[in-house]
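Just passing along the structure, written as C-alpha cells.
By written order: A, B, C and D. Residues from 1 in each chain.
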Amino acid sequence: MTAHAHPVVLGQNQYGKAENRVVKVTRDGDTHRLKDLNVSVSLSGDMAEVHYSGDNANVLPTDTTKNTVFAFAKKHGIESAEAFGLLLARHFVDSRQPIHRARIRIEEYTWERLEGSGHSFARTGRETRTAQITYDGRAPEVLTGLKDLTVMNTTDSEFWGFVKDPYTTLPEDRDRILATSVSSWWRHAWTGGEADTPDWDASYDGARAHLLRAFADTYSLSLQQTLYAMGSRVIENRPEIDEIRFSMPNKHHFRVDLEPFGMANEAADGAVYLAADRPYGLIEATVLRAGAEARIPVDLTNL
Amino acid sequence: MTAHAHPVVLGQNQYGKAENRVVKVTRDGDTHRLKDLNVSVSLSGDMAEVHYSGDNANVLPTDTTKNTVFAFAKKHGIESAEAFGLLLARHFVDSRQPIHRARIRIEEYTWERLEGSGHSFARTGRETRTAQITYDGRAPEVLTGLKDLTVMNTTDSEFWGFVKDPYTTLPEDRDRILATSVSSWWRHAWTGGEADTPDWDASYDGARAHLLRAFADTYSLSLQQTLYAMGSRVIENRPEIDEIRFSMPNKHHFRVDLEPFGMANEAADGAVYLAADRPYGLIEATVLRAGAEARIPVDLTNL
Amino acid sequence: MTAHAHPVVLGQNQYGKAENRVVKVTRDGDTHRLKDLNVSVSLSGDMAEVHYSGDNANVLPTDTTKNTVFAFAKKHGIESAEAFGLLLARHFVDSRQPIHRARIRIEEYTWERLEGSGHSFARTGRETRTAQITYDGRAPEVLTGLKDLTVMNTTDSEFWGFVKDPYTTLPEDRDRILATSVSSWWRHAWTGGEADTPDWDASYDGARAHLLRAFADTYSLSLQQTLYAMGSRVIENRPEIDEIRFSMPNKHHFRVDLEPFGMANEAADGAVYLAADRPYGLIEATVLRAGAEARIPVDLTNL
Amino acid sequence: MTAHAHPVVLGQNQYGKAENRVVKVTRDGDTHRLKDLNVSVSLSGDMAEVHYSGDNANVLPTDTTKNTVFAFAKKHGIESAEAFGLLLARHFVDSRQPIHRARIRIEEYTWERLEGSGHSFARTGRETRTAQITYDGRAPEVLTGLKDLTVMNTTDSEFWGFVKDPYTTLPEDRDRILATSVSSWWRHAWTGGEADTPDWDASYDGARAHLLRAFADTYSLSLQQTLYAMGSRVIENRPEIDEIRFSMPNKHHFRVDLEPFGMANEAADGAVYLAADRPYGLIEATVLRAGAEARIPVDLTNL
C-alpha cells in the first residue's frame, strides 16, 4: 500500500446543536396544553473536509439546526417526542445531500394542570421521558426511555447465597430495602411504515406501567432478578417493543446499628435506615425478544 | 476593661452534622409508611475554647449528633419534620449545659404508594418540603417551607408600564408566559405551648394549596404582584402563619422570532417558546401579618 | 393611625437580574486579558405598589439591569469584581430615585494563559472568587470571599477529649486527615473614600495566601481551631479587613478497616481512606477585629 | 423451531460497585503523597441464573468488589489509575471462574502541595483524568482520558462559508471566541506485554500537553478543524496511542449588541461577550492511526 499519504485518519464524527429547550403551548379555548422538551440534534455524513481544512461548504450550522427545531415546533406542533424527532431526522437527511444520518435525542418534562385551571401547571418532577430517533435515509430506529424513576420496596427483598471470597464481609440479609433509580431505553420494532406506526404515548404509558408493576410484584432475591422481571414483563406485554436495556443503581439503605444505644432495629418492626450516596451497586442488562438483535448501546451512563 | 488583650475576637459560631439522610419505615401489617428526611443539626453555645485552643471539653461530636438523629427516629418515630426537629432541638439544648441553642434543618422527600401495593413506592419528585426548628431553651421557633415547586401560567400575564432608562430595550408584552420555581419559608406564630401546637402536616398542605391557588388565580402584571398575592393569601387564610418569604426566579420563556422563516408566532395562537437558563429575574419579598415582626432572614439563596 | 386597613403588609423586598455571565476581553496587541464574571443585581426601594397592584411605574426591568451590566463592562472595563460592582451599585441608586439600595453579587472564574500563547487560556478550576457590593446612597459595603477552596492535611490533625454522652460512639483519633472545602466572606473596613480605596486584587491574593498558610501551619485539635487560626491570621495581617466568616464542611476521610483482610491500615504507615459524601460535619464561625461590628450574615449556606 | 422455551432472553449484562472514593496517602518521612480516585467496578460472565431466578451462587457481591478496591490500594499502592485498574481487572477475572470480563473505570482528582509544606494540599480543580481498563482473560485494553478541560481562544477563530438553508440566520463571523470543555478518551496500542508497558503518567502528561498545544496553535475555521488538529497531533506524537475520541461542546460566547446604547463592541477592540449555557453546539469525532481499528464507543455523553 503506497498511498497512505497521511498516517492519521478521521473516524466516526457527528455534530449538531444540543439541548434546545423548546416549549410549545396549544390553546383549545381557555384550555391550554403544554409540551416541554429538550432536543439535541446530531448529524453526520460527508464531513471530512471541515475536519481536515476547516472548509464549511457541507456544514449546516448548528445554529440552523436550532432554528429548525423551533420552526418545526410551530409548523407541525409536537404530537409526541417520537413523532417530533422523526420529522426532524427525516428533514435533515432528506433535505441536505451531505447529511447521511441524523440522530435526535429528546428529554420530555411533564407538567400537570392545577385543579380547576385551564392554563396553570406544575412540573410533576416524576421521571424524565426520553426518546432517540435515528434516521439514515432508509429505516428509522426509535428508542424510547426514561430516567430518574426512583422506586423503593420496603420489604420482599433478600440477598444471600452469594460468593464468599477473602474480601467478602457482607452479612446475608433476609429483609432489606430495595431501592433504585431506573434508567431505561427500549427499542421499537417499527422500521418506518406509515400504517403500523405505534401510538407513542400509549406505548410509553404501557411500558412504564409494566415496569412499575413488575418492580412492585417481584419478591426479589437480587436486583438483577428484579431488573429481568421488569424487562421481560415489558417484552411479553408490549409487542411493539423488541429490546430493553436498564441501568439501575442499587440505592443502598443501610439498617442502622442502634445496639450501642440499647435499641433493636429490626426490619420486621419498622426500622431506621441510612440512605447512602456512594458507592452504590450498579446493575445493567439488556432483555430481548427471542430472535431480536441487540442494538441498544451497552453504556447508558458515563460511569 | 482597659486592655484588648487580643486584637481578634470570635463572633457567632455554630457546628453540627449536616445532611443526615434518615429513612424511617413504619409497618401496619402489610401496609407500610415511609418518612424520608435529610436532617442537618447546628449547635451553638459555650464554644469559645475549642476555637481558641482546640480544647474539646464542651464539644459534643458531630458524629454524636448524627447518632442521635437515627436513634430518635427509632425511639420516637417521625410524626412530621417539625415535630421531629423539635424533639431533637430540645434534646440537645436541655441535655448539654454548654449548648445554648440548636437549629435543626430538615428537607423532606415525598413518596407515593404504587397502586395496589402495600410496600412499593415511587418518589413523587414534586417540591421538597423544608423545616427549620430553632430552640434556645425558652421558646422554639418553627419555620416551614418548600423549594423547587415549579409552576407556569401560559397566559394571564402581562408586563408593561415599566421604567425606560437609556439601557432599556425590553418591549412591552401583553401576553407572556409566567413561570417560576418557588422557594419559600413561612414562620409559625406558635412559641411552644403544648395545647396549641399546630397540626404541621395539615398546615403544610393548606399553605401549599393556597400558594398554588393564588398563583393560578392571579391575573399578573408583574411577578411581584403574583408573589404578594401568594403570600397574602397564605397569611389571610392560615392564622397559624405570621410571616412568609419568597425567592422566586422568573424562569424566562422567550417567544421565538419565527418571522425569518415566514411564520407568525403569536401567543394567542399557541406559541413556541425558548426556555432560558441564565440570566433570570429574581424576585424576593416578605409578606407579614400586620403587627408581626419580620424574623425570616432576607437571603434564601446564596446569590 | 387608627385603622389597619389591611391585615397583611409587605416586608423587605428586592429584585433584579441574577447570573449575568459576562466575559470581557482586553487586547494589548497580541496579548489578551480576560475577565469572566457571573453578576447578580438586586435592587430595593420604593416598590410597594408593584407588589400590591402590579403597577410597574417604579420598576426598572430586570432586563435593563442585565443590559447595564454588559454596557458597563464595555464602557468602564472590569478592573476587579469589587470595582465593577461599585460602579453598578452606585449607578442604580444614583440614577433612579425610587431605588434606594443596590446589592451586586459577583462570582469570578479564573483562567490561566497557556504557555507561549497570547490569547489561549484554560480555566484553572481553583476556588471561585466572590464579591458582594452593597450601596444605599451613603456608604458602600464591600464583602469579598471565595468558595470551593478544597484543602487537605494528611496529618497533624487529632480529635479527642470531646464530650461522651449516651449517643457517643466515635473513637478518639490521634492522627486523622483534615479536609474541607472553604467558603468564606470577609468584610472590608472601607466605607467609600476615594483616597483609601483598597487594591482589591492585592487584598484578595493576600487574604487567600493567609488562609492557606494558616490551614497548613496549624497543628489541629479540631476543625474549629483551624478555622479560628485562619480567620485570626487574616484579621491580624490584613488591616483593611475587619470581619471574616467561614462555612467549612468537614470532608470526612474515614480510615478503612482492613483487619478482616489481615492488613493493618495505620495512618503512620500511609493509610487508605474512604472519602465520604454525606453526612458531614459543618463548622461555621465569624472572626472579628476587636471592636468591629458583626455584619456578615450568619448563614452562608442554605443548609 | 420448537424449542424457544421462552420468548424473552437475557442480553449483555454487567454489575459491580460504582464510585468507590478511595484516597491513598504515602508517607516519605514528612513528605506525603496523595492519590485520590473514584473507582467503578463492572463485572460480567456467567450470570444468567441470577437474572432468571435470583440464584446468587455465581455473584460476587458488589460490596466485596468495594472491599477489594480498598484492600488493593493498601496492598499494592496506587502507582497510577491505569496500573491500579489493571491489577483489579485481572484479579476479578483470574480469581473467579464465572467472571469472564471486568471493566474498571476511574476518575482521578489532582491535588497540589501547598508551598513549603509536606502534608498540606489543595485540589487543583483542573480537568479530571479518567481511565478505563477492560480485561477478558486474554488482552487488556486501556483507555485514558480527561473531562472538563475548559479552554478558550479569544481570537484566531472564524466561522463562515457554511450552508445557508431556509432556516439559516447566523451571520458569518471573522473573529469570534472559541471555547470548549474537552472530554476525550484515547486508546493505548498496548495489549498486555510486561516489557512494553507504557509509562502511564508520562503518557497522560504528553497527550494533555499536545491537546493544549494544538488548541492554542490552530487558527480555526471551525471547531471540527480544531478537534481534528488536537487528535492528529496526539496520534502523530504519541506512538503508544492508536485512537482518540472527543466530545467538545461549543461553549458559545456571543458578542453583545451594544448599539442600542450607542457603543461599538468590536472583537478587535476587546469586546464584551455573553457566556451562554444552552443550547450549545456539540462536536464529536474519532481520530485514528491509519490502519487502527476504531474501538472507542461513539457516545461519550448521554445526550
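Assume a residue touches a chain if its C-beta (ideal position, glycine included) is under 8 Å from a C-beta of that chain, and two chains touch if they have at least 3 such contacts.
What you see is a predicted model, and the numbers here were worked out from it, not measured in a lab.
With steps allowed only between chains in touch, the distance from chain A over to chain C comes to 1.
Using the mean of the Cα atoms as each chain's centre, the chain most removed from chain B is D.
With centres taken as mean Cα positions, chain D sits 38 Å from chain B.
Centre-to-centre, using mean CA coordinates, chain C is 31 Å away from chain D.
Averaged C-alpha coordinates give centres for chain B and chain C that are 22 Å from one another.
Touching of two or more other chains is recorded for residues 20-21, 67, 71, 167, 169, 260-261, 277-278 of chain A.
Here chain D touches chain C in the complex through residues 20-27, 32, 34, 36, 67, 70-71, 73-75, 111, 114, 116-117, 119-127, 148-156, 177, 212-213, 215-216, 253, 256, 258, 260-261, 263, 265, 267-277, going by the rule given at the top.
The touching residues of chain C, counted against chain B in their complex, run 4, 6-21, 40, 42, 47, 50-64, 66-68, 71, 95-96, 105, 159-163, 165, 167-170, 220-222, 224-225, 227-228, 231-232, 235-236, 243, 245, 249-250, 278-291, 294, 297-303. Residue ranges of chain A in contact with chain C, taken from their complex: 166-167, 169, 260-261, 277-278.
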